[in-house]
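Quick one: this structure, given as structure tokens, is what I'll be asking you about.
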Amino acid sequence: MNLSRLRKLKYALPLAVVVMALTATATTAKPTAAGTPIKIAILSDCKGAFAAFYGADVGGAIQAFVEQTGAKVKDKSNPIKGMTGGTISGHPIKLVGIGCSNDSADLAISETKRLMEKLGADILIGPLSGDESIAVAKYAKAHPKKTFVNGTAGALDTTMIVRAPNFFRWNGDGAQWDAGTGWVAYNVLGWRKVNVIMDDYSFGWTSAAGFIAEFCALGGEVTKRVFPPLNTTDYSQYVAQLDPPNATDGYFWAVGGTGTLSSLKAFEQKYGNMNSKQHMGNLFFGTPGTFTELGLRIAGSYAGGGGTAADVPSAALDKFKALTAKTWSALPPLKGPATATGVGNLFFVNYYVNATGLIKGLKAVKGDISGGQKALQKKLATTTVTDPNGYTLKLDSNRQGIADTFVQQLFDNNGTLGIKTIYKVVGVPQSFGGVFAPNKPPPGETVPACVKGNVPWKVTKVG
Amino acid sequence: MPVALSYRRHLGWGVTLAAFAFGLVWVVFLADRPAHSDPTAFFSTLLDAITQGALYFVVASGFTLVFGLMRVVNMAHGSLYLVAAYVAIDVQRRIITGNPDTTVSSTQVSVINWFVVLLVAALVAGLLGLVMQQAFLRWNQGQDLRQALITIAISVIVADQVVVHTGGGVAEDMSFPGRINQFVDLHVKGFSYSGARLFILGLALFIGLALWLWLKRTRTGMVIRAGVDDRAMVAALGVNIQRVFAIAFFVGSMLAGIGAVIGTSQTAVSNGTDGIWLLNSLVVVIIGGMGSLAGAAVGSMLYGLIGTFSAAYLPAGNTQYAVIFTFVLLAIVLAVRPYGIFGRPA
Amino acid sequence: MSDVRAIERTIAAVALALAALAPVLFSTYTVDQLLTQVLIFGIVAMSLIFLASYGGMVSLAQTALFGIAGFVFGNMTTVDTKGLTLGYSPWAGIIPAILIATAIGLVFGGLASRSTGIYFLMITLTYGVIANLSFGQIERISGFGGISGIVPPSIIGTTDQHPHRLYYLALVIAVLLYALVRFVIRTNFGLSLQGVRDEPVRMSSLGYGIALHRTLAFTFGAFMASIAGVLFVWWNGHVDPQTIGLGATLNVLIIAVIGGLRRIEGAFVGALAFVFINDRLAETDFSVAGFKLGTFNSLIGLIFLAIVLVSPDGLLGIWERAMTLLKQRQPAAAAAAGD
């Protein structure tokens, strides 16, 4: 008995050594072999005024992952189905959830909480709209250990006022998008006196502010500002507050979403058929899928951009078109092929641009988001992104991109309304050369005031 | 008791008259563009108010008809408007361009075209309403709250279905016929006004007259009026009350459809439009009184006047408070006549 | 019947115990996000059910009053956001928020007090929509973007600073308000209110002020809703017009009806069902072979419709009917066994 046990012992010792060695190598090997997943969430609007762009938003973000991390889409005709695969330095990318908001900050916050706290996302890409982004940026400020990059929101306050150190936005805000419009109004159309009509909420004010700041800096005068509230159906009283067409040079429209059509109709009912040389709009005049509703009467008027143009040829644009064609066949609910509805659509492009910035930062830190993501956030602040038009977007000290934008013109394309890009503006800072600053009031009903000043960028003709 | 009652009533009327007088003085003398110095603007605003009220009347008359006769608060009235609007847009586009995605401009629309679309949308709305009534509301007559909850549930489902099947909240619209979408010279101090808005007023007057004749001069109308007064008695008298209810619900829903075509040609439609038109119908009926056509007319006019004049004549930068005036109007009416101007307790 | 009551009391005790131990039993997200929401919206629904069940008034203005309290608190205690930005400390905002919302409830109730039934429902819905439009359009007190960056008093803290404290506060307040409602309905006022609900003409001839009773009941409902409103902005940190939009108003009604419009407890049953279903299905894509059937709203609308058609007293009504059925079978079984 004792002998057999002793005999067994002689095998036990080497066995134990082998086991211990394996255990030792296994525990040291873990961090390098199987990387911890990076959990991403995307937040956009699937209800409300911008629900039509849900697929484009999510598709834009996923496209960046497909291009740069080796991810694969689950369904080429439905971005909402998500993506799989994709790694950064051995860390797998996990899309844990896609949030659905409705253009209101309330739902955006509850979706953000669901994505970040219930589903445990590390990083959020989104949201879509201005007021949502202000609320999300404030949430970000209260949760410094997670990182947030913008979707396509264009409110100025998000980066200039809230200034969360972990919220990054490479795309321009609504004011930056309208750079160039004031210049066109003053120099090309010869306007000196202008009426501005804008939605009475933050995006309307911000967008109009971009026009007003530039136009007034050049020496123009904004004689009237009218603010129809957001849910107006009968715009007749608001257009009645405008000067009649023979008493002013032009009108700038920053009325969007569901009001663009109604307000223009109300204008014609009050003052007769529009003379398109007297009207200019912000990006709502030119958003793909919606501007055709305006009808041919508006052909000839200029429209502010959203920082992207599908008809300005460049190598970068060709590359982006090919990428889009390869990644997506359609971006529902928008109808048509993805190359037509996505390329040049600021919703699609901005989500792509911000996701690209995120991925570049993640790659630079080799996918290491430990330590409260501090290394990642430090890297992101200095990350640059080349947008689909070939322009390099840098972040300023508020983690806000210094943008490029385009001014477009509507024209009669054989019976339907078409749009073409005429002017390009690069190097537009969020401050507009000092007009906007953290210690100054954000755009509002009377802000900015109409004062002469410097325009720190150049507007050039395209092509 | 009698002293206190008449005191309260006199106070109510006193406040109302004072408010009206103050409003008049403000508009004529104290506003930024006072009426005495800019009568054209005043006249234009007045016409805007009346034409807007006319549109409210078309939709609200359907709502009050159903409410008055069957005590059904049809919370899906706005949903009927919404569905009819989208159907009308689709039909107009198909008729004129053959393609449901191409917009249509006024120059392409003839008066006949537009009325055909109107007819189609009205029938669709009427049928939907009828189906809803027969399926869900016929067997629980008298259970007001339950019926209201049922129509609320339907409105929630319909609103969601519209969101899902119309691709988001992008606004879409229809066009008025080119012939009426022009300026009409009113021969008063060279003042021209939008023909489209006058057309709306004309349509509303015609519909109001047609409804009045129907209610006052036809047998069905007589039964409906009797039913508004005393439902139980009408049933006891052996009238086929179910048939009358069905007809009334059909007509009421049709009116929502007619209003939808007019409203969508005038402005646009999007996903929240059903809530807005439900509110409009509610306000008109609360002011005017349930079951009363005259009440719907007066309520619509008052609502249109308040909404339009407050937006036009409040000081610049303060037009945001216009919605408060609607509430003030409601408050005054509720304080002085809780059942509406022409309403009676159930 | 006392058996049923005993069973219900046991269930309630168990539920309360589970609620007290929730942070130990469930995840932080479930406790701080979902269960807190259940409590807050349960209180609002409870105010609606109180008015409906004991006052005979179905009010769709409870959400608006809840929001008004939140907006007042937000306006008073925030700085770098929209609204009045008065910048007072959170403690100073509590009383004005509750007071102003209750006062507005008094006005609303007074104006609507002479209307009954369906008419009352219409009027209160109009209040709700006008409140929504007012906060949406009047920039000085909110505007479309609403007020964000609202913080609770530091002793409560946000869910990051002191997890679960707000949850426990909401739980305690919900229990206290429930007890308060149970107490009020047994007072003279509560009894005469139920009399006014059932026989207004008779009560009036006995000298009771109908309008007065209704107004006071409505004010009490507003008081409860306003407390929930303050808790809400502490929880959410943000309030905007959508918080009191038509959708939100109908959601509270749906919660009350699903739970059961006749019993106060239905508020929390309904809120539990609604919040958890909403959370579970938030990202579900209701599509069949590529054809989109709808979103969560269609589903909840269908559930709501089914409940109204089949069991107007909601889930609690189904429970009561089940209990009654069981009891009816028991005597027969006992009789059979006895033989």
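We just call them A, B and C in the order they show up, numbering each chain from 1.
The working rule: contacts are C-beta pairs under 8 Å (C-beta built on N, C-alpha and C of every residue); 3 or more make two chains touch, one makes a residue touch a chain.
Because the structure is predicted, anything quoted here is derived from the model rather than measured.
Undergrad: Please work out which of A-C and A-B is bridged by more C-beta pairs in contact, and write that pair.
TA: When the contacts at A-C and A-B are counted, A-B has more.
Undergrad: Please flag the chain sitting at the greatest distance from subunit B, going by CA centroids.
TA: Relative to subunit B, the chain whose C-alpha centre sits farthest away is A.
Undergrad: Counting only Cα atoms for the centres, state how far subunit B is from subunit C in Å.
TA: Comparing mean C-alpha positions, subunit C is 32 Å from subunit B.
Undergrad: Please work out the Cα centroid separation of subunit A and subunit C, and write it as a whole number of Å.
TA: 37
Undergrad: As a quick test, compute the distance in whole Å between the mean CA positions of subunit A and subunit B.
TA: 40
Undergrad: Would you give the residues of subunit A that are in contact with at least 2 other chains, written as numbers and ranges?
TA: Expected reply: 47, 200, 229, 231, 445.
Undergrad: If I count partner chains per residue in subunit B, which residues reach a count of at least 2?
TA: 163, 320, 322-323
Undergrad: Could you list which residues of subunit C touch at least two other chains?
TA: 133, 137, 139, 295
Undergrad: Within the complex, which stretch of subunit A touches subunit B?
TA: Going through subunit A, the ones touching subunit B are 47-54, 103, 200, 227, 229, 231, 233-238, 240-241, 257-262, 265-266, 269-270, 272, 289-290, 292-297, 332-335, 416, 445-446.
Undergrad: Could you list, by residue number, the parts of subunit C that touch subunit B in their complex?
TA: Contacts found on subunit C: 58, 107, 111-112, 114-119, 121-123, 125-126, 129-130, 133-134, 137-140, 246, 250, 253-254, 257, 292-295, 297-298, 300-302, 304-305, 308-309, 312.
Undergrad: Sort out for me which residues of subunit C touch subunit A in the complex.
TA: Contacts found on subunit C: 28-29, 32-33, 80, 82, 133, 136-137, 139, 143-146, 148-149, 158, 160, 236-243, 245, 279, 282-283, 285, 295.
Undergrad: Where on subunit A is subunit C touching in the complex?
TA: 46-47, 80-81, 97-100, 102, 104-107, 109-111, 113-114, 117-118, 130-131, 134-135, 138-139, 142-143, 155, 161, 200-202, 229-231, 444-445
Undergrad: Can you tell me which positions in subunit B touch subunit A when the two form their complex?
TA: 41, 44-45, 48, 52, 101-103, 105, 163, 167-173, 183, 194, 196-197, 263, 266-268, 270-273, 276, 307-308, 311-312, 316-317, 319-320, 322-323
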